Every structure is written in C-alpha cells, then in structure tokens.
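Two complexes follow with subunit A in common, the first pairing it with subunit B and the second with subunit C.
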Partner chain A sequence: MLKRKSKSEYVMKKERYEMRFCGSGGQGVITAAVIFAEAAGVFGDYYVCQTQSYGPQSRGGSSKAEVIISTKEIDYPKVVKMDCFLAMNQTALDAFFSNFETDGLLIVDSTFVEQVPTSGAISLPFTEIARELGKEIVANIVALGAIGYLSGKVSMENLEKAVIARVPEKFRELNIEALHAGIELAKNVNVDNLSHSPSLDDIYGHTD
Partner chain B sequence: MQSSSEDQSQKYLLQGNEAIVEGALAAGCRFFAGYPITPSSEIAEIMSRKLPTLGGTFIQMEDEIASMGAIVGASLAGAKSLTATSGPGFSLMQENLGYASMTEVPLVVVNVMRGGPSTGLPTSPSQADVMQARWGTHGDHAIIVLAVSSVADSYEITIQAFNLAEKYRTPVILLSDEIVGHTREVISLPPDQPVPIFNRIKPSVPPEWYLPYEDNSRGVPPMADIGSGYRHHVTGLMHDAKGFPNFSPGVTGGFLKRQYRKLANGADEIQMTKQFMLDDAEVAIITYGCVSRSAIRAVRMAREQGIKAGFLQLVTLWPFPKKAVDAVCRRCRAVLVPEMNMGQMVREVRAVNQNATLEQLNRFDGGFITPAILFRKLMSL
Partner chain C sequence: MLKRKSKSEYVMKKERYEMRFCGSGGQGVITAAVIFAEAAGVFGDYYVCQTQSYGPQSRGGSSKAEVIISTKEIDYPKVVKMDCFLAMNQTALDAFFSNFETDGLLIVDSTFVEQVPTSGAISLPFTEIARELGKEIVANIVALGAIGYLSGKVSMENLEKAVIARVPEKFRELNIEALHAGIELAKNVNVDNLSHSPSLDDIYGHTD
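After this line comes the complex of A and B, so read on.
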C-alpha cells in the first residue's frame, strides 16, 4: 500500500485549496462560505474565489457554496477536486459529494447526517450545539469555527474578525460564542488519526 | 470622481456585479435607470442605495425600453449613465440603443448574460448574446462591446467602458455572465494604480457657432449638455451637422462612414486583448468572458504535459480585434475557440484567417465549460 501523507501535511502543501459547503436552504451555508472567504482573502492574504448555487433550489431545497483559496491568482473559479467538504444534512451530502479528494476533509453535522460515504469523516453536532446556545440558526457559525480550525487555512483571529464584520451588532455576541464553540469541538479532533478513505488502489491492488 | 491618493485602499470580497457598480461610480456614473432582472439585479439594487448618497439619480423604470430611453436623455443632459439587464431586457433595449447610436450618445449598457432565447434559463450562464450585442439594433452602426472575466475585470473594464463611451461618443455594451456576475473575489479599492478617467469633450466655440454633429480629425464632435445654452437638436432620423433631418446621399454616406471611422481611429486603444503564454505557443485557445478562466487553467494543464499551449483573451469583442487574432492564427498550428453558445465568435475568427486550423467547442446547456473539457480538446489538436 502507498504511504499517504498525513492530512495536516497534505493541507500545508496545497497551493490551491478547494472547499464546498452545503446544506438545505436556510442553514446558512452560503453565509458561512462568504465569511470563510473573507477571513482568508480580506483579513488573510490568500487569493479567494467564492461561488454558490444560484437558482430556484437556493430558495428551499439543497444549497451549495464553494470557496477556492490559493497562494496564487485563481484561474478556474469552481471546484475541480474538493479538499474540504462541509455537509449540514444527509441530502446535501449525498447530492454534492462528487469530486471529493480521497485525502480531503469531510466534516458533517451529526445532528442531520446519519451515514457517511467515507471512513475518514468527522461528525460533529453543530446544530445540537447551536440549540444549546439558544438559537439553531447559528449552527452554520459553529460549523464555520470547526472547519476554520480543521482546515488550517485561516487564523482563528481572522475568522473572528470576519464574523464580526458580517454579523449585525445585535447578534454579534451569540455568533462569536457559536464560533468558539465550533473551534472547541474541532480541537478534540486529531485529523492525523483519522482513517483514510481507501482508494480503489488500496482495495483492488491496481485499477488500470 | 478621480480617486485621490490619500484614500486608504481597502480589501473587499465583492461579486462581479458589485464590482461593476464600483467601477461605474469610480468612472463618474451618476445616473442609473433600469428594470431588475436575474442575474443582473444586484447592479440595480446597489446603485439604488449608492447613487443617492453621491448626489446621483436612480430610477426604477416600468420596463427596459423606458430604461434605455431614460439613460439616453440623462446622458444628453451631461450625466454619465448606465443601465444593466440580461437577455430579455437587452432585446427590449435594442430600439433605443439604435437611437443612442444614431445620436452618438455616450452611455454604458451592461448585459449579464443568461441562457436564451426568450426568458430561457434565468439562473444559468451563457455567452449567446455576443452577436446580438453587435447587431441587435437594426441598421448599419458602429458599436463597442467589451467582455469581462473576473471581479477585477468587472471593475476596471467598466471604467474603460465609460472612458470609451465618452471619448468616442458612442454607446458601449459591457457583457458579463451569470458566473462572473455572481463570483466573489477579493479586490482592493481604490486600486493601487487608479484607472484614468476621461470625460466627453465639450464645445469650445460660442453657442451660435456650435454644430453638434460636425466632423473633425477624430470624427468625434464635441458634445454640449442639453440646457447649457447650446442649440442641440437630437433626432433618430439621418441628420446633418446641425442635427436636423437630411436624407441626401452625401450626408447619409458621410455620417455612417464617420461612425465607423471614429472607432477605427481609436482601434489601438479600443481593441483590448490579454495574452497568456502565447510567445512560443503552437496551439492556442481564443475566447472571452468566463470561459477565459477555464482556458488559462487548461493551458497550464497542457504545459505540464509538455504541450506548448497559449491563450488569447478578447476583452473587446467589437470592433473585432482582427490583428491580434490573425497573429495567433498565423503562429499556431491549431486554434481552439470555445464558447458557451452554438458557435458565434468562431465565425469571426474564421473570417479573419481562413487558412488556420480552427476547432470550435460549444456548450449551450446552461453549464460551464470546464478546464478538463478544454484540456482534452487541446491534447487532441
């Protein structure tokens, strides 16, 4: 079997990092993607490109947003191979899992996702935590904290600045609390101990 | 508005549509009339918030015919004017666009392209309006059409669109598409190197000597604001130097030739292109708008495989940048023209160089032409 790089090593080496955020309309995945992009590109020094599904499905049904982060100017603005995938429910996970990089990070909201397509998935209870904080609507920000921490692409300081810049003052405290709850959740995960999802090569020897 | 150097530049994450607004305001646009339509609506929405704070005027009109009429009028009165729409609205604008062309009124029309015909695919990208942008209004006419491919472009090229409109007294059409319009990228505003701003030349003669359509070396008559004391007769009929209807062959022929000549005079600055790895290229992609992003990626992928590929981006679609296209066709053994339509600009490339080995690649189902599709095609050339 080929020796794989550890997940953290893999993240560090990537010049272009491709992320997808999905859930159902109203779960705030587009907002989470925009805040992530601002943390990386406005408050950080990366080039970023943020796109989203745009259409009737964005008003109900599954919603999808993508963020490309790169140390160089970004040519193609959409995902080619996903390095990081956040799924807030089962339907969206199943619908948008294609193009997932075998060594990538799969992070799901265990509140709404029962089955995962790869053994290396990270299941965290974003919505449950948000409910405990008093407002289910901040589940996206809890997830943002976790994904920000685990991806290693943004500093927690910049992530917080980006949240503050986007959120109305009235809800600032709640959102910051949600962000930190997400970061704390993620701190308990050791990405290098996750099992890799096997490639066809691993299972069948060769696939040519 | 010239941005002063004291302004602290700041980074923003903006959509292409938002960057068009910023570019227009930086260029001095102070009048917007329009009717919202997906995927261009953000332009109208943000203009409605920003223009009043800058002393400008925003009007939501009853439809796109009226929108076009309103910006012609506002520009005649001296305001740099903009409207923004998508396919169905662009179709309605064609009549008054012809009027703007006949009366040589500087203005900018943004068309954020979506799939057509008719109401078509409201939320999907397309590049199928490139011929309509050239020939949508009836009659021979000269026009400038520009296409953007990124958020940075959307800012800069919008300023260029206003500059060209003002310099050449012509409507300018700015083509974006659903992908560029809705992609967010980081942009520093005001930019480190501000784009120079040009304003229309006003008459320097006393009012009684002024001829609003008199030829000169540039073919661009100075333009007096309506209401500024200069007699300025405006008609959609063929007209003489005074602006009054005149259908004599001499006047008619002279007028149309001047329309074409004034843009030919400025061809060097009007016909904008961008080049990527073309110096030693043996195969090349020629395209425009959002497909440029995939093309750059595909060229990089081909280079990694040892294929000498290059890319020519057409920023100006009309007047068609013949020289730049011909140079690529002569140099490369094969040229690929991908478009998100059934093959429109490829006809123009073929007309420029009939000896070139030309391949077209078209996608017209509302999807994006991906780098992988282009790469496979490049490898087979």
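After this line comes the complex of A and C, so read on.
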C-alpha cells in the first residue's frame, strides 16, 4: 500500500484546488457548492469560482456543481482534475469519476453508494445522519461539514457563517446542527492513512 | 431616437445569450440565477453555464451571478458582453455596468436604483412588490419573473417548474405568487419601443 502524502503537505503545494459535488436533483449539491464557495471566497481569503453546467444530459435528474479555489486570480473556471470529489449517490459517482487527482479526496455518501472505485475513498453516512436529525434534506449540509473539515480550505467558523448567510432563518438551527454532525464525522477519518492509487510519478519517479 | 431591433428578431439572432444578475448580499441574485439556469437547462433545451466568482472585492457585501445560455455547447463560461443585466441596487449597477450589448436588456429594481445610465433601461419596483406580498426577500423571484418574460429564453411554465424544484416547500406558494407578480409587471413593458444607445454599426453602418 502506498502512503498518501501528508494532508498538510498536500494542501500547501496546491495553488489551485478543484472540487466537484455530484448527486441526484433533490440532494442539494448546488446549494452545498454555493455555501462552500462563499465560505472560501466571501468569508475566507481565496479567489473562488463556482459553476453549474447544464446540457442535454441534465434531464436525467442528476446534479453537478464545481468549485475552484485559488490563491491567485482564476483564469479557467472549470475543473480539469478533481482534488476533491463528493458523490452523493452511485449514479453520480459512476458518471463523473474521471480525471481524479491521485492524491485527491474522494468522499461518498455511504447511504447511497455501495461500490467505490478505490480503497482510498472516504465513505460516510451523510443521509443516514441527516435522517437522524429529522430531515433528510440536510444531508448536503452534513456532507459540507465533512468536506470543509477534510479539504483544509475553509475554517469551520467561516463555513458556519456561510451556512447562516445562505439558509432561511427558520431552518438555521437544523442546518448548523447538520454542519457540526458532518464535521464530527470527518474528525474520525485519518486522511494521511488512506491508501491511494499510484500515480505515474509514484511508479516511475518524477518524470520532469 | 433610434429604434431598437424588434425583440423577436433580436432573440433569434443570438446563439449565445449572456446574463448578469447583481445586487447586495441579501438580495438573492445567486438563487435567481440558479433558478433561471435550471429553467433553461434542466426544464428547457439549452446548454447553460451558471457561475459565481469571488475575490478580494467580495468582502463589500455585493453579489454577482452570471448565466450563459446557448443552443450549442459552451466553450467560454463567463460573460463577455451582457445581453441582459439585472441590477437590484445602485451600487451593483454602477459597479458592473460595463460591456453592455447595445441591444441588450437592462433591468433595474426601481426601489433601490435612482440613476440609470441609459433611457433604454427598464425600471420595475421588484422589492416594493415583494413587500406588498408580505416578504421583501422574494424580490429576487419577482425580478426572475420579469427577466424570464422579457428575455424570451424560458417558458413561463419551465420557470415555474424551476422555482418549485428549488425553493423549500413551506415557501412555495409565496414564491409562485412573486414569480407571477414579476411576469405581470413585465407584460406592461414594450421592449420594442425602448430607446437604446447607438452602436458603432448604427452610426457608421456595418463595418465588416
């Protein structure tokens, strides 16, 4: 088993960090992406570009959102190679699992994903936790908490501010509870101990 | 006064239609842009790309969202020249009024915009109407109804479907009411009779 680069080392080396959030229509991945983008770009100090694209394939009921986070101005606003991929169900995972950065984070909702493409995947029960909180629709916010914690790109304080700014006041308490449940889930994951697929660099040495 | 090209003629000639929605943080322009994008791309037949970008200027509390709508795949996902610009307040109008297509639609919330840069601007009281409906925060949905109607890029049926799919069930009725109020406002606007700034083509003839 190859050892993943330490998380802090990995986060530091990336000037540009590319994320994709996918799920079915009702799973709230666009809302999660908008909140993540605002945590990093409005409340945090990054340049951020957040995008949704729709085409003939949009009729299938699947939903996809992207977030690019950078320390410099963003020239190309779409994902080239995913550093972080959230898949809220199996269809989304199967459809979009491509161009994944070998050191990247693959995070799936274990409630709806049975088969992961790599042993390095992080499988967490977002929807199950949301159901326990009483509302399945906050599964996206549980996932947001976990991704926020694991990606190292936003402070938990800014993430909370962004959630509060975005959700209706009536649902604020529930959403903050969901966010913290996601953060707690993520604290039990040891990213540095996950296996990952070998890159060409790992196999052949650095090729520059 | 120069006569604007007829609306139907204008809509037909554009393969790519570029929109920007701006306002202050709480005015819901990102939500309006997401719903417009879904009306055109999920419920309608267009290719759509919807973007928000954040940078150091994001701290000012202003909010900006873009929607590109096209009959073909979208190569460049950001606005080059606005065909439709919604400004929900004066600051947003002043900050982002640039690269405006001379035949384009400039739509402002007259509740918060006093000074428009062209006599061709369409000034409608979105927030005032929303207050009459009982909730100022649905001003974005009133604006959405008006833009949807005036842009000619989405059917009112698809716009309604997109609103229903996106807003919490508890607020559905209010939002649909707001949408229809916006559509009714727009029906009183005669786009073909608005004046517009002369383009170089108007002054010097076509220069190709």
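Simple rule for what comes next: the second predicted complex is superposed on the first by the 186 of 208 C-alpha atoms of A that agree within 3 Å, B and C clash if a C-alpha of one lies under 4 Å from a C-alpha of the other, contacts with A are read in each partner's own complex, and residues count from 1 in each chain.
Rule of thumb we're sticking to: a residue touches a chain if its C-beta (ideal position, glycine included) is under 8 Å from a C-beta of that chain, and two chains touch if they have at least 3 such contacts.
Keep in mind that what you see is a predicted model, and the values were worked out from it rather than measured.
Look at subunit A after the overlay: subunit B and subunit C clash there. When the shared chain is aligned, subunit C comes close enough to touch A:168, but subunit B does not.
When the two structures are aligned on the shared chain, A:80 is found in touch with subunit B, with no touch to subunit C. In the superposed pair of complexes, A:30 makes contact with subunit C only, with no contact to subunit B.
Comparing subunit B with subunit C, the partner in contact with more residues of subunit A is C. Contacts of A:47 after superposition on the shared chain: both subunit B and subunit C are touched. Subunit A residues 34, 37-38, 41-42, 47-52, 54-56, 74, 77-78 lie at the interface with subunit B in one structure and with subunit C in the other.
On the side of subunit A, the complex with subunit B involves touching residues 34, 37-38, 41-42, 47-52, 54-56, 74-78, 80. Put simply, subunit C touches subunit A in their complex at residues 25, 30, 34, 37-38, 40-42, 45-56, 58-59, 73-74, 77-78, 165, 168, 170-171. Contact residues on subunit B toward subunit A in their complex (touch as defined above): 11-13, 39, 122-124, 178-179, 182-186, 293-294, 296-297, 300, 368, 370-372.
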